[in-house]
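The next part holds the structures, each set out as structure tokens.
Same chain, two partners: chain A is paired with chain B first, then with chain C.
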Partner chain A sequence: MAEVSGEIQEPFDLIRLSLSERVVVKLRGDRQLSGVLHAYDGHMNLIMSDVEETIMIVDPVPEGVKPSIRVAKRHIEMLYVRGDGVILVSPPQRE
Partner chain B sequence: MSDEASPPPPDGTPPPAPTQSSGSPSGFLKAVVGKRVVVRLVSGVDYRGVLQCLDGYMNIAMEQTEEYVNGVVTNRYGDAFIRGNNVLYISAGEPI
Partner chain C sequence: MSFFGFETSLPQHQDTGQNQAFAEEDVAVYTWGDASYDTLGDALQEAGDDLNDETFGSGPVGKDFDFSGTFDNTRQPKPEPAPSQNIPSGLSNGNNAWTSNAATSVLPKHVHPSGSAAAPSVFSRIDPLLAGRTEPKQVAAAVHPPVDAPFMIAGDYASQPRTMAEIEADMKAAAMQQQQLAQQRERARILEQQQMLAQQQQQQQRLQEEERMRQEQQEKLASIERERLLQLERQARSDPLWAIRQAMMEQKIGNQGHVHERNQSIPSEASPMSRNRQPMIPVLPSQMPHAAPAQQQMMLQELLYHQQQQQQFLEQQLHAQQHSEKSAEVMADAQRRIQEAEILEAKHRRRVSKIQSMARYNDLMTQSDKDFITRVQVAQLVTSDPYADDFYAQVYASIKQQRNASEINLLKLGSAGASTQGNPNQRGPHRRENAIQRMQAQVERLVNNMKSRELSKEAGAPHGPLANVLGKTSGRSYKAAPRQLLQIAIASPESAKAHPVKEHEAEKAPEHIPSHGNQAPPPFSRAEALLIIERLFTNILDMEQLRRNKPLAEEQVAIAAWNEKQQALLDQIWQGLRVAGNLHETNPHPFIALIAPLKGKRFIGRLGRDLTDNQKVMALSVIVTLIDQVDVIRNAAILDSVEDSQDRRFVERQAYAFQEHVINQGLQLSPASRTLRVYNSLIEFMLENGPVFSRVMRTRPGLTLLEHFFAEAALLKHGLQGPDGEVISAPPEDIAKWDKLYDRLFDVLLPLWTIMFPSSRILPAFPPDSMEIIQVSLVTDGFDQPVWRFLAGFALEGTVEQHSRLVTQLRAKVMGTLKMAQRLEEGKAKARKIRNVDLFLNALGLSSSQIPLQ
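On to the complex of A and B.
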């Protein structure tokens, strides 16, 4: 019962408190995931479900032209994320 | 170690203990836990917020986190876990 957001002893506590919740994961390669976190380990390998992947694509443009950024999205039912691609994990806002 | 950096203690008095933040890298990190910090990643992205805790891999838990890309706020996270391998530096965002 002491597990409120002020009781975080180590960074992984933040992830443990987010199990079964929807989290945002920032990945290398300008990708972002939003999905329900089911499992993780010390490498930050993740198992997520009901995932929406957002991919930021910067199209190559001629010199001097403002680059345009496209956003591609896709849905994945169940996903294993290899930990070394993870930059940031953000749990849902809790009050 | 140069002479002026570590003068011998005069007549047996121990030299003043260094403040926690100047003693060692881990002393600095202990001193900034709970304080506002700037975490820069190798990609150049900055995260400003309150450092909740960190571990030996330099995995970081932050709260009230703002993401800055090229000096512009691009995201806000109530809590954020940053995987340590991405960290370039941790800078104190307020006096420690």
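On to the complex of A and C.
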């Protein structure tokens, strides 16, 4: 729709669309968040609720041994995410 | 021309006196040998002038040796010659020749910027005559300028001293020419007479005689002309620089606009170039036609004799014709013509002098200077209104406006715009406007040209409009065209068309006009729906802001404007919701697509009070009619899963939001318009498409919706209690309709009841009579509760006969549930199972305790 595409003029407009929607946020340090986005700013600081954080943990192992990767999850009701850790923000894959 | 700083000019204020002095004499006055003659002429070295041109050069003199900075004094503005009314008419032509040819170009006037006052010239010391006295000798000086100055030569005659005999011969020749011209004129006049009057024989004879005489004269004249040409040729051969000088003189004359053409048999010697320079100068009818600069002096003398010869000729005519009155006529005619010529000549002179005065600015600017100024001007004009950027213009305009306002009238104060622009009748502003418009048009054209050039360049590029998105790689230097780091297309219909990606989107976009052909347009994508919701949220925020700024009730005008604004916003929101329009335009319907995201549902809830009931009914109709498109109905299957998952939670939330925000808040009708008729229609809509209805009834959100409508309708059927205790009942026809609808609904629902319970759908997957199924049933009891509740409510409205049918249909379900409850230990779970069944049984006036198990 032409009028629709007209309003997306900068990348942040795409994030704006996801306000009050569930988003997936990839963070530095092998972390990933899934939650409802409530607010963002120009630094990509985010306010999210109902967040599930997924942390990939690679345990240090001696040479030659296959590294084991653990996935830790935790649930957070409300979360402030500092923008400098954000790698990407995307809508959830399914729905 | 000053030579080594010598003042060689003639004082120009002497012009008039000189002319007058000259006018008193019939011929040029030569003062050699006079008492006042200072013998300076003898001191002049007359010989050895042949190589002057080679020594001093005859071409344009460069500035190289002009140390005193006096070069190009000829470009000094020449003051306008005094009007020649007081000069005898017979000599006016001669004067013209002096002032326009001889005085301006042949004798360049030197207005020495510093010389006259600061340093008296050598000439002025040597010869007081040249220093500017008004003695008649000056005429001689004017006729014969100092021979040493090669650039002052009037013609080729002047390059060599002429004898009196030569001059006399020239004069005679000129006299002949003059006479012949006058005869020609006379003959024309006589020919005219011939046509008008029947000519007498005598006159014819006279004409013949005249003709013969004229031929004789012509022959004589031709011989003189030949002789003169021969002389010129001789000179040309003797002087190798003659041709160059000739060209120079022509150029000079051309600059001054003196282009004369011979109407004699000799072709014009004026070069076409010189003629082209002054195309505007008219050829004067009675002026002595001459072109060659070499003949200027001759022409002068011819002119001197003009009047005299004419007189003589007229006398002859008088004797021959014996018609005195005719000769008087001829005289008057000649006088008139001469006066006309004078006027024309005066005009011409003025123009020439003006052109000359302006010519001093010629070539002051180089082409690059001009280009620079043009660039500056164009740059200033890039704004739509150059005066808007001009501080001084602004200040001036405001001052003018103030003055106007205070002076003229106060009424105009209201229309400030008009006074700023100024009265269009006034010439100045009008011209200014015109100029601005013209220049703006020009700038626009320039810009358009540049754009079209860019476009054509892009069209040539292989990637079309996407070219250079990642920066230019070739072509102009990057200084001229800065590298584009990021190019985000500004959305406009054209750009959307041009952009391949956008084009795709544009194709996808649903058209509001149903005339889209057979091909159904694709529905909103998720992003599009989100975007529209965002926009609607912006609108509703605007409206809330507007509400906070509501003007006071007393301000009628402001209130009206405020209402208008609010209504406009509401209309905008309603349009944005896209409820109205073709129902089956897209799948899902735009409105259904908009309420699909959680945000959309919440938006409807927030909008609730701003929608009119009519709009709400429309929206509800859309939802009910196209209920199989609603996301919560589509995704309801996952609600039947017992396991907790993210998806399930998501749909759970959506279903809740749908029921809560959309149905209960957003589209809840106001009490005034909550009528049985409306709910009748809504339930009818749901029933309309059978297969969809049965499917919808198997979903929790669908059932909840029906329950909602049903509850409202049942309430309305029994009548509401008004504020004063009275019972407001629905109109009887609506109640009758409702009864019919209920019967229909009962019939449709009856076979569905068993599978409407989520437990009925979930439990068959598990082995019967196992512990597992009982565990699961504990979970499904929660799902079943709304169905039992609805069943109870539904049963309440039915007749006894319908009740028995219901019991028959649901007997197995009731018994199964109770059996399972029996196996459970006493506790919450068991109590809930029994309570669920009792919800239904109580509605029929029964109880689970009455049912004997086993």
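Keep this in mind: the second predicted complex is superposed on the first by the 84 of 95 C-alpha atoms of A that agree within 3 Å, B and C clash if a C-alpha of one lies under 4 Å from a C-alpha of the other, contacts with A are read in each partner's own complex, and residues count from 1 in each chain.
Keep this in mind: contacts are C-beta pairs under 8 Å (C-beta built on N, C-alpha and C of every residue); 3 or more make two chains touch, one makes a residue touch a chain.
Note that the structure is predicted; figures quoted are calculated from it, not measured.
> So in the superposed three-chain picture, is A:Asp84 touching just chain B, just chain C, both, or none of them (first/second/both/neither)?
The answer is first: A:Asp84 touches chain B but not chain C.
> Given the touch rule stated above, what does A:Asp59 touch, chain B (first), chain C (second), both, or neither?
Neither partner.
> Per the contact definition in the header, classify A:Glu21: touching chain B only (first), chain C only (second), both, or neither.
second
> First (chain B), second (chain C), both or neither: which does A:Met44 touch?
The answer is first: A:Met44 touches chain B but not chain C.
> Once the shared chain is lined up, is A:Phe12 touching chain B (first), chain C (second), both, or neither of them?
After superposition on chain A, A:Phe12 lies in contact with chain B alone.
> For chain A, give the residues common to its interface with chain B and its interface with chain C.
5, 8-10, 14, 91, 94
> Using the touch definition up top, name the residues of chain B that touch chain A in the complex.
Touch residues, chain B against chain A: 41, 43, 47, 52-55, 59-61, 63, 65, 77-83, 85-86.
> Touching residues of chain A toward chain B in the complex: what are they?
Within the complex, chain A touches chain B at residues 5, 8-15, 24, 44, 83-84, 86-91, 93-94.
> Using the touch definition from the top, list the residues of chain C that touch chain A in their complex.
For chain C paired with chain A, touching residues are 488, 490-493, 496, 502, 505-506, 508-510, 524, 526-528, 530-532, 534-535, 597-599, 602, 647, 650.
> Considering only the defined contacts, which chain A positions touch chain C in the complex?
It comes out as residues 1-2, 4-10, 14, 16-22, 91, 94-95.
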